[in-house]
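Each of the two complexes below includes chain A, the first together with chain B, the second together with chain C.
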Partner chain A sequence: MRTPPSFIHAIEFSAFGEWMRSNVLAMPWVNAAHVLCVILVFGTILVVDLRLLGLLDRHRSVTRTADELLHLTWAAFAGAAISGALFFSANATTYWFNTAFRFKMLAIVLAGLNMAVFQFVTYRGVARWDRNEPPPRAAQLAAGLSILLWVTVLVLGRLIGFTKGFDVAVPDNIDFDFGAP
Partner chain B sequence: MSKNKLMLKTIGSAAALIVGLAASPLLHAHHSFAAYDMTKTQILTGVVTRVNPDANHLQIFFAPMNTDRKNVERDKDGKPVIWAVEMAGSAAAAQDGISVSTFQPGTVFSVGVHPQRSGDPSGFREGPLFKCPVGANGKATPPKPGEHCDAVEGRTAFGQGTLPTPTK
Partner chain C sequence: MSLLEIAKAIDSTSLSTSIKTISWIVPLVQCFHILMVGVVFVSILMLSLRVLGRARTDEPLAMTWSRFAPFLWGGIVVLIITGVLLVISEPVRELMALSFRLKMLLLAIGIVSAAVFGRRVRAEVAVAGSEPLVSGGMRMASVATLVLWVAIIILGRTIAYDDSVWGSWSPAVLQRGGAL
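So, the complex of A and B:
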């Protein structure tokens, strides 16, 4: 218990991790980039989701809204993943054991699965309901789930910052006995 | 001035302000020290259990050693009591050589702290840290009873000066 797997140790002691920890400007700038990318991911997904729910941009087709915004979503997601990975490398052991971080990763995976199911099942027939008002139930369900999961990601992301400093668990492999010869 | 020029000028000014703030010493003044009793100073010697190299504050978690320096302080269940010493952000601490690499679990070190007013087992760093040397058996050599790592031959200092004088 409390001893991370060797690959986590390797990430923490990688050149990226050392650079993030020792460069005075690395953390604030990577942090700013991460926040900006996350805002773009959530903002663009939210617009598409609200369109799928029939609450926004109802005069525009679903495909036009999605086509205009989702390339920005993917670019921002790549930026968020890279900046997030840099953050992780700086403090990998702590993040590895942090419950909020684990649930955040789970929420991202679930959001991805939800998006995949929508893309490969519901969206395949979009030509039939591209301009329909309201969109089909399956599209509305995917959009509602998407908003719920991405809000969860945001909330958990903030919780990490408030919880990761308070883990006082002791690794098993520390020998506190200094009396032995 | 046209609307577009005014907008560009405003965006430019805002960008310059952000860049200026990001590079300023404000980065190192993340929050107040109200939680800590800055009039009190304790010297603690302990065994590192974990380092949290946060951007805003680096924390070293450790088990304070007992006065005979043969083991660590324990609670009523026999588990090590864990303290945390907090300091400036990881990049600032790295300037003194303090990092997860230099304070790995099992390291024995001494530090001056301003303890929390609440009585919780943590404090804010004051002055340098001293690391006890590692012996031939690969284990840290603790100080003599009642002493600290600054008195151990072969110690390493992290930061300038000496350990602060503890308050009564």
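So, the complex of A and C:
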């Protein structure tokens, strides 16, 4: 095993990391919370993206659909980041060297950049096209990219579980071949 | 025939073997499954928030229903198809998990209650020709629905940790004579 940077080592042996590894219920609950938050982030962003593509809610203004979901998206993102960080601390070294994990982080950064460009450039003039049908090309492009990037994040997140080299999902001390000699 | 025997019978079918042999099938099916959970849950969430008056109050409830019902039902169909494939690929792990059994029970309640809700909304609009009234009971039902779907999602994830979460209540643990 290669040696990770020292801060990764520090995270792995922090109190959080120790707690995640020593408490049997920590992993399942943190995992369930992570999935729930990720689903909320994806779902709420999807609704806004479909509106920006002109595929949903065409009778409503863009700002209306966006505003009522934004606080939920951020709350869920915060929950996903916290539960994700706890996950990371349990096996920091393994995640650090995992390719799917690295690409997932890259995809989140790209999704964030896409969102920032949209927010500070395209969305600034939203008053001019709030009820336009279809929404401007730049908004459609941002929405398409957003769906693509968040689907990528979810897919890569799932792939980490298959590539990380350890399997917390199925403990190896379970014998599914019940009662077999 | 016990559930364990059924699970083992499914496990030895050629379909199960093929799914297990081709390594990318299960991850791919899981990806579709999780994406559809997002679509279904957000549809339920939008309907519940509308009933609770926390979102989409500018449109009639019947419109919120007709807008999200296709996503809800389409998503559920994909979830059932992908879910069945996942069960076929690992029948013993799924069927012998308490989380899985509870999830199926709650899922049945969730699907029936969504159908009843949709039917009621459409019936009221058809009869009165106007907006169905959001009653206190409907508000409570929508909170219960949200809790139900959150529980379904959590149980879906905890199938993988059935013995740590349920201990001796887990059928897999019981089958081993209670040894954790």
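Going forward, the second predicted complex is superposed on the first by the 164 of 181 C-alpha atoms of A that agree within 3 Å, B and C clash if a C-alpha of one lies under 4 Å from a C-alpha of the other, contacts with A are read in each partner's own complex, and residues count from 1 in each chain.
Simple rule for what comes next: a residue touches a chain if its C-beta (ideal position, glycine included) is under 8 Å from a C-beta of that chain, and two chains touch if they have at least 3 such contacts.
This one's a predicted model, so the numbers in the text were calculated from it and none came from an experiment.
> Looking at A:47 after the superposition, I want to know if it touches chain B, chain C, both of them or none. Which is it: first, second, both, neither?
Touch partner of A:47: chain C, not chain B.
> Let me test your reading of the model: by the given contact rule, A:31 touches which partner, first (chain B), second (chain C), both or neither?
Both: A:31 reaches chain B and chain C.
> Is A:159 contacted by the first partner chain B, the second partner chain C, both or neither?
In the superposition, A:159 contacts chain C only.
> Going by the contact rule set out at the top, does A:18 touch chain B (first), chain C (second), both, or neither?
First partner only, chain B.
> Is there a shared patch on chain A that both chain B and chain C touch, and which residues make it up?
Shared contact residues on chain A: 24-25, 27-28, 31-32, 169-171, 174-176, 178-179.
> Sort out for me which residues of chain C touch chain A in the complex.
Residues 4, 27, 30-31, 34-35, 37-39, 41-42, 45-46, 49, 54-56, 58-59, 67, 92-93, 96, 150, 153-154, 156-158, 160-161, 163-165, 172, 175-176.
> Using the touch definition up top, name the residues of chain A that touch chain B in the complex.
12-13, 18, 21-29, 31-32, 90-91, 93-94, 164-165, 167-171, 173-179
> Chain A touches which residues of chain B in the complex?
22-23, 27, 47, 49-50, 52-55, 57, 59, 61, 63, 65, 69-72, 79-80, 82, 84, 89-92, 94, 99-101, 105-106, 108, 139-140, 142
> For the complex, which residues does chain A have touching chain C?
24-25, 27-28, 31-32, 35-36, 38-40, 42-44, 46-47, 56-57, 59-60, 64, 68-69, 151, 154-155, 158-159, 162, 169-171, 174-176, 178-179
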